[in-house]
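Note that the chains are named A, B, C and D in the order they appear, and that numbering of residues resets to 1 at the start of each chain.
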Amino acid sequence: MVKVKIIGATGYGGIGLIELLQQHPEAEITALVAREDVGKRISELFPHLEGFCDLPILDAADERAQAPADIVVFSTPDRVGMYEAGKVLAAGAKVLDFSGDFRFTTAEAYADYATRHGKDPVHAAPELLGKNAYGLAELHREEIKAASVVGNPGCFACSCILGLSPAAKAQLFDPMSVICDCKTGVSGAGKKLAATFHYPARYENMNAYKLAGHQHVCEVERELSLLYGQAVRLTFTAHVLPICRGIMSTLYAQLKAPLTEAEAVALYREFYKDAPFVRVYGSKAPIGTNCVQRTNFCDLVVSVDERVNRLRVVSYIDNLMKGQAGSALQNINLMAGLPETLGLMRSGMYP
Amino acid sequence: MVKVKIIGATGYGGIGLIELLQQHPEAEITALVAREDVGKRISELFPHLEGFCDLPILDAADERAQAPADIVVFSTPDRVGMYEAGKVLAAGAKVLDFSGDFRFTTAEAYADYATRHGKDPVHAAPELLGKNAYGLAELHREEIKAASVVGNPGCFACSCILGLSPAAKAQLFDPMSVICDCKTGVSGAGKKLAATFHYPARYENMNAYKLAGHQHVCEVERELSLLYGQAVRLTFTAHVLPICRGIMSTLYAQLKAPLTEAEAVALYREFYKDAPFVRVYGSKAPIGTNCVQRTNFCDLVVSVDERVNRLRVVSYIDNLMKGQAGSALQNINLMAGLPETLGLMRSGMYP
Amino acid sequence: MVKVKIIGATGYGGIGLIELLQQHPEAEITALVAREDVGKRISELFPHLEGFCDLPILDAADERAQAPADIVVFSTPDRVGMYEAGKVLAAGAKVLDFSGDFRFTTAEAYADYATRHGKDPVHAAPELLGKNAYGLAELHREEIKAASVVGNPGCFACSCILGLSPAAKAQLFDPMSVICDCKTGVSGAGKKLAATFHYPARYENMNAYKLAGHQHVCEVERELSLLYGQAVRLTFTAHVLPICRGIMSTLYAQLKAPLTEAEAVALYREFYKDAPFVRVYGSKAPIGTNCVQRTNFCDLVVSVDERVNRLRVVSYIDNLMKGQAGSALQNINLMAGLPETLGLMRSGMYP
Amino acid sequence: MVKVKIIGATGYGGIGLIELLQQHPEAEITALVAREDVGKRISELFPHLEGFCDLPILDAADERAQAPADIVVFSTPDRVGMYEAGKVLAAGAKVLDFSGDFRFTTAEAYADYATRHGKDPVHAAPELLGKNAYGLAELHREEIKAASVVGNPGCFACSCILGLSPAAKAQLFDPMSVICDCKTGVSGAGKKLAATFHYPARYENMNAYKLAGHQHVCEVERELSLLYGQAVRLTFTAHVLPICRGIMSTLYAQLKAPLTEAEAVALYREFYKDAPFVRVYGSKAPIGTNCVQRTNFCDLVVSVDERVNRLRVVSYIDNLMKGQAGSALQNINLMAGLPETLGLMRSGMYP
């Protein structure tokens, strides 16, 4: 049994991982750590877990929180995990971090990201950068298996990267022409209260936000550029809509040569032929976020606007699953030498 | 492996059962039958099932639809299963019906129900009545195990009966004083299109309906009267609200003698001590429909208005799970001699 | 022109009143006062008002906030208006308060209310009690015209009182048998952030709350008892649902003698024949909260469960209109000697 | 008083116009015509109109439907108004049509549109084409005043055209680089029942649709090309989201030369300086669809992605108001010689 400790257990990421792990046949939770509600059972706060996970919430300093673990998950904001990762590694465990702390492999790339995000640009554990892996299994499976520190992807980034990777790898498009128009449910913003996510303010209201620049751009440009072999620059727009779970990213890129939808679909299917959680469709399939909700799937609808020779991919994920806890469990499986799909291969429910 | 055939596979009940069965370790689906979309794969219509259940939809007359089954499920409207049940039994299989056809054990009780429901009051298979079981495992576990025909409960009825059974059994209340104020999400009305369930007409709109009388009253009064040992008569109000899944039934009854909340909670917990899917709470627990959504649980919040000596129980279920497909699988497990909780014991997801 | 000053201008009550007043032909806003966002234009915070009301938000101590007014509206929490009302009256203006401060006419009644609400039970301006009017125009029109201090009703209370007043006045029911099962949209809880009203936590989630006792019970029992001429005691349950605006209260009472729906409807229509904002329907009318949304109407659906001789009224209002700002403008009109319906007589929009 | 007759009175467009007209100081409704529910009062079907508009629904052949009118509004599907317009004109009235029938001024342009829309490409009244005006007042005010036949714009088209007109007029962008990423609430699809708009199927579900081509592209390209003086070609993606009202269109175009956000905002404000229903903001303003809901405003948020020199405008409208009935009343006012804003200049309500 793989032993997993979760730091930041009461946020959406932590809860999502608890839900998955308590049904996982080869993993167990050794400790739940959080700053608030210490001493309460997790199921007092989240009664849907009653009878499934009744562990207490521990303070980080609590002796029980020191129980040995194989993997320590930091479901914490930026600039928490980077201060703790060294100690975890020294104790012989691996680190999986949900924030931006370990998504970049150089201090410069981190600084660029942090600056856009309004954070301190100096990484606190630069000696770990370069040894870490970017936790998007579809692109970095072998690195994740080998790494002792993995940075789980951002949710928007995950949807955009999966949606454009095959085309980038094939250098199909003008690398300056990419537009990512992303729509997310409110859970993407996490559990923290905010006036704009107060129920009455959000009901029947949708808007674009962070028009001055979104921090996920860095991950997307980095991954696409790596695949393309040349710098890809994109315009990214984030929109928030009054649903709970789900990201729909509509991705546009100017094709360098004519391409049919059938050719594009075939190329995408070939690229993802070994990816168990990516399903590729043409423009006629009735795909929506409800096809992936509460699952680890990314559904891609690939089409070409032949009038203007433009590729258009609509990428659907559940921001809390493939966009967070699902990818996390996929990474845990890989880091622990287990089958990638263990405990994750299930459909959603309709309606 | 228990072989299950589903008639009416493309309604919400059928889909829900497919989702559960495709993950069940001891059951398999032998055929999916429906009237529409014959010849298509079920996953073409419901792409969330892609890779999980790709069976074709068969016409009832199709040879492949005659494959042997241990249990035939009729996820069909009233007055379909009653015409087919005899043939199923003759072929050596058992019947589980989702409609009102086999919820009553006498022709008179059926006629009363059918009349309220605006249906033909003459049962087409009266010889089976009396041999059938009412498929609410918490009250009729042994009968369900023994029966070859089981009538799955109505969703509202399930929530009301579970919410009042312990008090009825203990004869705590005046049997003429019961009020069931029930609120349901829209999926309770099924997949059939209706002007009142068109998205724009339903968004930010709630209303009471069927004020002249709801057909589920019959089941609730029958079950409570049986437990009480005396006729229970109740006022039932159905309300529909702009959510998808979930029933919240607020149940009121005038107590015959003073009772504290602690006493009421203790009595309920004792009653349900062997029921794996019922959880009982006092009035301070933060229970909502989100605690039971996409699960087979019924969460009961028990309180007493001591100012006027009135019992008040709020009963929460997912109308498509405990109110339909979940109870169905619970019944299938019992009918097949499997553990009651097999394939059903999982938590929901938050948020 | 009637001059109105609003204290607490940036809460839902304040905003709602601004929206109404800026279109009112005989009223004008002289000052907007609030504690936060002082110095900003109201339309910077609420851009839907851009071009309609661009007044600055003033601190209470600002000189411009002392501009003379005919009516000062306190759209403030409990225990704010009671400290300021005396000064307002001394300056020759009238007071309209949205909180519980002036809903009761004796110090004892206030103390009972405040205790249930978890507030200090000692009223700060007891000398004004008895001179104030309860601001439900349908019952207290003449008192409101004459009063210099008016307490706007609670939203739940408004819906329940309007729904039961005709039956109480006619002494139709057992006064100990009343049950008020109330469902509200989230805006009823105001603009204050709370974990339970964070969008993802509330989406597709409904629950009962304050099961130990809701403070609005006092108003409802007081008004019904006054009409009945005998103490009415009731069980009140508040439920919150994932919509923005709307209250649906389902009201039950045991009839003392048989009554048909037609008789009940006739009695209600007679009672409200001079009330321009109350519409009475029988059980077949397709009424929902969408019929009253963004309007000052209360729609009542009256029915009788003849099997058990129980009256059932479903009362629909918009909690922010008839339940707050709409009733407030109705009161302002009466207090200022204007026609009761001025600036209020408009339909909602569908869908 | 301007006399208005509405054909197709019970669809969303018809209802919206009734709501506006019954409060309009200078207009009156002379007849409501529809195919279904003939003989019922409109307020029986839509009880929110009770007391506001209680006119009967008439068959087109009913004598009362022949009452003289100044303007006949066809709130009907494509290919209805074109068969009737000639008779209306012959009787001395003007025509305002909500469908695509009179949005084009040549038979060729109509045929192109109709083909994309899957309709018969032959216009039934080609003699009227060229005499009609495109009913977007912000661009065609004088033509609308003069025309006897006006085609109300498509809702998506309205949002895209208003969002890009100033930049097209100034020839700021590469005319082949335009992308319109449009998100609409469900009411945009009208009142007709459809499986994809059944409440449970749509709740918490969003998707792109009509990826093969949307008929509104024709209007947008035509209007932008006219302003630009050169053919503009664009990629258009329609998405539908689980809200009722609201369109948010995110519009992208590659700038020919560097431009700051401040310059872009200034240019837009200048362009719309005489347009009472367009408000222009920079990227920091907290605009969402809730700022325009239930109003005739179009709010534009203008920004520039300077990293890649791309213009990005987010255009917000209420699809049933500025996108339909609101624009219609604006056109009626112009066609009748009334002030453009009469009966339309009001804010929405928050929240």
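As a working rule, a contact is a pair of C-beta atoms (placed from the backbone, for glycine too) under 8 Å apart; a residue touches a chain by one contact, two chains touch by 3 or more.
Note that this is a predicted model, so its numbers are computed, not measured.
Ranked by separation of Cα centres from chain D, the top chain is B. In this structure, the chain pairs A-D and B-D differ in their number of contacting C-beta pairs, and the larger number is found at A-D. Between chain C and chain D the centroid-to-centroid distance comes to 37 Å (mean Cα coordinates, whole Å).
Note on chain placement: the centre of chain A and the centre of chain D lie 39 Å apart, centres being C-alpha means. Centroids built from CA atoms put chain D at 46 Å from chain B.
Of all residues in chain A, those touching 2 or more other chains are 12, 185, 187, 200-201, 203-204, 242-245, 286-287, 290, 293, 351, listed in ascending order.
Taken together, the chain D residues at the contact with chain B in this complex read 12, 185-187, 191, 193-195, 197-204, 242-245.
On the side of chain A, the complex with chain D involves touching residues 176, 179, 181, 183, 185, 196, 200-201, 203-208, 211-212, 233-235, 237, 239, 241-246, 248, 250, 252, 283-284, 286-290, 293, 301, 303, 305, 307-308, 310, 312, 314, 316, 351.
Residues of chain D that touch chain C in their complex: 12, 15-16, 19, 22-23, 46-53, 187, 203-204, 244-245, 279, 281, 285-287, 290-295, 299, 320, 346-351.
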